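Across the two complexes that follow, subunit A remains constant while its partner is subunit B and subsequently subunit C.
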Partner chain A sequence: MTTSMLWRAGRRLLLIAGLPAVLITAWWLATANSTNFYWPPLRTIVEVFGPTWLEGKLTSDVLPSLARLGVGYLAALALGIGIGVAIGSSTTLRATVEPVLEFFRAIPPPVLVPILILFAGIGDGMKVLVIVSGAIWPILLNTVEGVRSIDEVLRDTAACYRFRTRTRLTTLILRGASPQIMTGARQALSIAIILMVISEMFAASNGLGFTIIQFQRSFALPQMWSGIILLGLIGVALSLLFRLVETRVLAWYFGQRDTQQSGA
Partner chain B sequence: MTTAPPTTAPAATDTRRGRGIPHGALGAAGFAGLILLLELLPRAGVVDARFLPPFTEMAVALSDQLASPAFWDALVATLRGWIIGLAIAMAAGVSAGILIGSVPALRAATASTIEFLRPIPSVALIPLAVLLFGTDMRSTLLLVVYASFWQVLVQVLYGVTDVDPIARDTARSYRFSLWRQVRTVLWPTALPYVMTGFRLAAAVALILEITGELIIGSPGLGNAIAVAKSSGAVDTMYALVIVTGVIGVGVNLAARFTERRALRWHPSIRREVAA
Partner chain C sequence: MTQSPRKTPKDSDIMSIVSTLTRSTPEPAMSTDDTGQHTPMLDVRGLRKVYASGKRSVEAVRDLTFGVDPGELVCLVGPSGCGKTTLLRCISGLLETTSGEVVLEGKRVSGPPEGMAVVFQEYGRSLFPWLTVWQNVELPLKEKGISRAERKRLTTESLAAVGLADFHTAHPWQLSGGMQQRVAIARAVAYEPHVLLMDEPFAAVDAQTRGELEDLVRALWERLGVTVLFVTHDIDEAVYLGQRVVILSSSPTVVLEDVTIDLPAERDQLTTRSLPRFTELRAHVYERVQQAKQGNRPSTPTATS
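Let's turn to the complex of A and B:
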């Protein structure tokens, strides 16, 4: 019993870690004695990683970037859900503004960077604004769609029982729309990360994107590679964090879906 | 209705159309309102006209652009980069997806790697692309392909898992050749997923194409926006941003049209048309 469990756990571990280990080893060996300027040995990259990012730059570049990302993303969530609920609740309003919103969503968000620089300069405000202006659309449009497709019967029931606005909002509208809101929020997260980097590459005096571009311009290749790896790790960490939040928020929904699927 | 997945919900509520003012007119009114706002805000001095020129000035700049060959060159460069990148990503994503998806061992072994590589922001590759290819079109292409490849791959993987086991076993017992199995059993099941991947990838590819041009400086509309910005031609900049938005809408519509076209035979589309 225990041996078979151990065996299974070992197999699982092998499946999860096997290929990444092979790939990293291949990278390590292929570049081990590399004198190619563009592809420094992975060993060197790993060696410079600590000194480059963990001493000094952590507080001067990495944390400010993440703080702007956090503020911008949360603001986009709050605004997107708030406006989305308002628009989704009125058919006329929705028909009026939806084409305009679809147009704004279709604009590639990074082109807003030069425009927002005009208004907000190149400070923290601009970067947060860039993140909000790009990340808000998927959240907003998905919220509208989610609120719109809430079951009519549930809606009428809530009206019959004269739910207070607050109760109606938390138990019916936000709950009912949450699967779609989360879909929008997931798209928005990857857009927000892209915009965090882009806004710093365009004009900044600190931040991850800025530092990586500095390394590239000064041909500090191992440092640049370590920055690329760090950005990748941040992307992966945030997507794991998101999934954690999602399973919490949508626990009821996944449960319901599973029951329905097994029942059918 | 609660049992319906979110994707089928819109069809149900759209049947309520036809009451009161038609939605098309309301949408047009929305756009008119936006244009009016863009015209009046700077004119009334609410917003600095240096930062947000009145809409009429943007329109003049836009018509100037439409008359200049440089604009059309940039537009063609952008669309070409987008199409090439999307085509490479589709071809690579679909073939890799079918291969990985139909071999269970391969699928299990690559799952963690795919989950890890997918969320890596493609813009992280910008410095590398610049070093390798300079401001050449290829550096933007690298970003476009990287970003849209994952969209396609993940959808194809979902699609391949969705194959009905009975249909697969039937094909096997009749000893269909491998190619015939892929073509008659796997492909029709996976096609709706492939088309979803195509739609997502088309939008992502456009974003990355224009981002690459803007940041790296490879030829195209993004680069034209950067040039307009640094030369202080604010109205031209807005005109070009509007153009990118129109292209974005066009890409979405074209992708949706292609999807419906390719899935004409599929129950989900047939049902919508009948309703």
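Let's turn to the complex of A and C:
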């Protein structure tokens, strides 16, 4: 029994890590003897990774970027869910606001950067605003959809048992809409990461995006590549973290879905 | 009221647990007021409901008038689509009436009233899938402001009463349809309502479970002295359960007949159902419902239009 479990764990590990291992090996071998200036050997990139990022730049660039990402993402969550619940709960509000929302959602957030610089300057505030302005839409629209699709019978139940407003909000509305909210939050996370980098490329004095651009301009190509790899790693780590939260928050939802699929 | 200690001849576990359930809230309003006049627990007067959506309007209920006395168990039967659910939603304050009114314990219903619990037709969808069985039953008690210790007692007892003592930590979607229905019943019972409304609660469970649940409802009703309005389209079930059966016409709905079920209070799936009187009553109700389906209106006009 334990051997079969080991087998299965091994199989899973192979499935997860297999393709990345192949790709890294291919990259390593293909660039091993590269003299192309723009495609330095992976070995060189790995060698500069530690000295570039882990000494000094971790606190001067990586952490400020992550802080702006965190603040922007959380603000987008709070605003998106708050406004989404309000719009989703009212039919009239929804009818008036929805076309306008679709319009704003259709605007690519990077084009807002120059405008936001006008209003919010070039400080941290502007970068957080850029992140919020892009990440809020999937959260907001999915929340509206989630609130709207809460079962009528559940609403009636909450009304019959005279749930207090607070309980209605937490136990009925937010939990009921949580599957859609999580879908929106997942889309918003990748948008937020992209915007974190982009906002730092326009006007900034520190940050991951800023540093990568600096390396590119000073032709420090191995360092630039190592920055791109770092961004990728941050993305993977955050999406793993997200999945961890999701499996906890939506345990009931996945459980229900699985029983419905296996039964009847 | 039915508070006198009564011995339970049925020896199943559920029934013996039911008999341990005790009522801690005050009894429902008296059946007579100061002037000695008769006041029903629930009074439906001239209720009319028209669904209006855009240009189309559906008159679901035309004119319903009936009353339910405190502690009574009344069954409502009527053909499918005749407006039974509509009626219950009006009574429970979830739906506004077009005209007429619903009076509960002397107060006009304008929103979900205190002291009322509803078991919905779509019981599976009325349970919160993100809460456990225990939490589903306990939550309304929290909202009612019941103390922690009391909540624990009520939840434990009512779940035991419906035979789900071992399923506290399960989620509703891990249970069968019949079990989900029992959770919904346990939730309603734990709430200690004065009036319990049930909308075709057993339509989707198998015959065996159905019989058990019917006896469970009778036992809980006798034990708690709660007023029950039980909606069904099953004539057998209505006659077996009720003290009275109110027969509704097809939509637009009026009351066709109010039949008193003069069967012995002690009901049993086998003996009661084989009584000649049971057969008679069932045949009578069946006939009226058949007439209703063919669109017969009552000969004595209760509706004016």
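In this text, the second predicted complex is superposed on the first by the 246 of 264 C-alpha atoms of A that agree within 3 Å, B and C clash if a C-alpha of one lies under 4 Å from a C-alpha of the other, contacts with A are read in each partner's own complex, and residues count from 1 in each chain.
The rule is short, and it goes like this: contacts are C-beta pairs under 8 Å (C-beta built on N, C-alpha and C of every residue); 3 or more make two chains touch, one makes a residue touch a chain.
In this text, all values refer to a predicted model and were calculated from it rather than measured experimentally.
*Asks:* Overlay done on subunit A, so just call it for subunit B and subunit C: clash or fit.
*Replies:* Once subunit A is superposed (C-alpha atoms), there is room for both subunit B and subunit C without a clash.
*Asks:* Please compute the subunit B to subunit A to subunit C angle from C-alpha centroids in the superposed arrangement, rounded to the nearest 10 degrees.
*Replies:* So the C-alpha centres give an angle of 90 degrees.
*Asks:* Could you look at A:I107 and tell me whether it touches subunit B, subunit C, both or neither (first, second, both, neither)?
*Replies:* First partner only.
*Asks:* Determine, under the contact definition given at the top, whether A:I228 touches first (subunit B), second (subunit C), both, or neither.
*Replies:* first
*Asks:* When the two structures are overlaid on chain A, which partner does A:M5 contact: first (subunit B), second (subunit C), both, or neither?
*Replies:* Neither partner.
*Asks:* Quick check on the superposed pair: does A:D151 touch subunit B, subunit C, both, or neither? Answer first, second, both or neither.
*Replies:* Both partners, subunit B and subunit C.
*Asks:* Who contacts more of subunit A, subunit B or subunit C?
*Replies:* B
*Asks:* Let me test your reading of the model: by the given contact rule, A:A17 touches which partner, first (subunit B), second (subunit C), both or neither?
*Replies:* first
*Asks:* After superposition on the shared chain, which partner residues are touched by A:G255: those of subunit B (first), subunit C (second), both, or neither?
*Replies:* Touch partner of A:G255: subunit C, not subunit B.
*Asks:* Per the contact definition in the header, classify A:C160: touching subunit B only (first), subunit C only (second), both, or neither.
*Replies:* Only subunit C is touched by A:C160; subunit B is not.
*Asks:* In the superposed arrangement, does A:T171 touch subunit B (first), subunit C (second), both or neither?
*Replies:* Once the two structures are laid over each other on A, A:T171 reaches subunit C alone.
*Asks:* Taking the superposed arrangement, what is the smallest distance in Å from a C-alpha atom of subunit B to one of subunit C?
*Replies:* 5
*Asks:* Mind sorting out which residues of subunit A both subunit B and subunit C touch, each in its own complex?
*Replies:* Shared contact residues on subunit A: 151, 153-154, 260.
*Asks:* Spell out the part of subunit B that touches subunit A in their complex, as residue ranges.
*Replies:* Touching subunit A from subunit B are residues 1-3, 6, 9-10, 12-13, 16, 20-21, 23, 26-31, 33-34, 50-52, 108-113, 116, 118-128, 130-132, 203, 206-207, 210-211, 214-215, 222, 225-226, 229, 234, 237-238, 240-241, 244-249, 251-252.
*Asks:* Give every residue of subunit A touching subunit C within the complex, in rising order.
*Replies:* Contacts found on subunit A: 151, 153-154, 156-157, 159-164, 167, 171-172, 175-176, 178, 252-253, 255-256, 259-260.
*Asks:* Taking the complex as given, what residues does subunit A use to touch subunit B?
*Replies:* Within the complex, subunit A contacts subunit B at residues 15-20, 23, 38, 91-92, 95-100, 102-115, 117-119, 145-146, 148-149, 151-154, 179-180, 183, 190, 193-194, 197-198, 201-202, 209, 212-213, 215-216, 221, 224-225, 227-228, 231-232, 235-236, 238-239, 260.
*Asks:* What residues on subunit C touch subunit A, complex-wise?
*Replies:* Listed in rising order, the residues of subunit C that touch subunit A are 89, 92-94, 111-112, 114, 116-118, 120, 122, 125-126, 128-131, 139-140, 142-144, 171, 173-174, 191.
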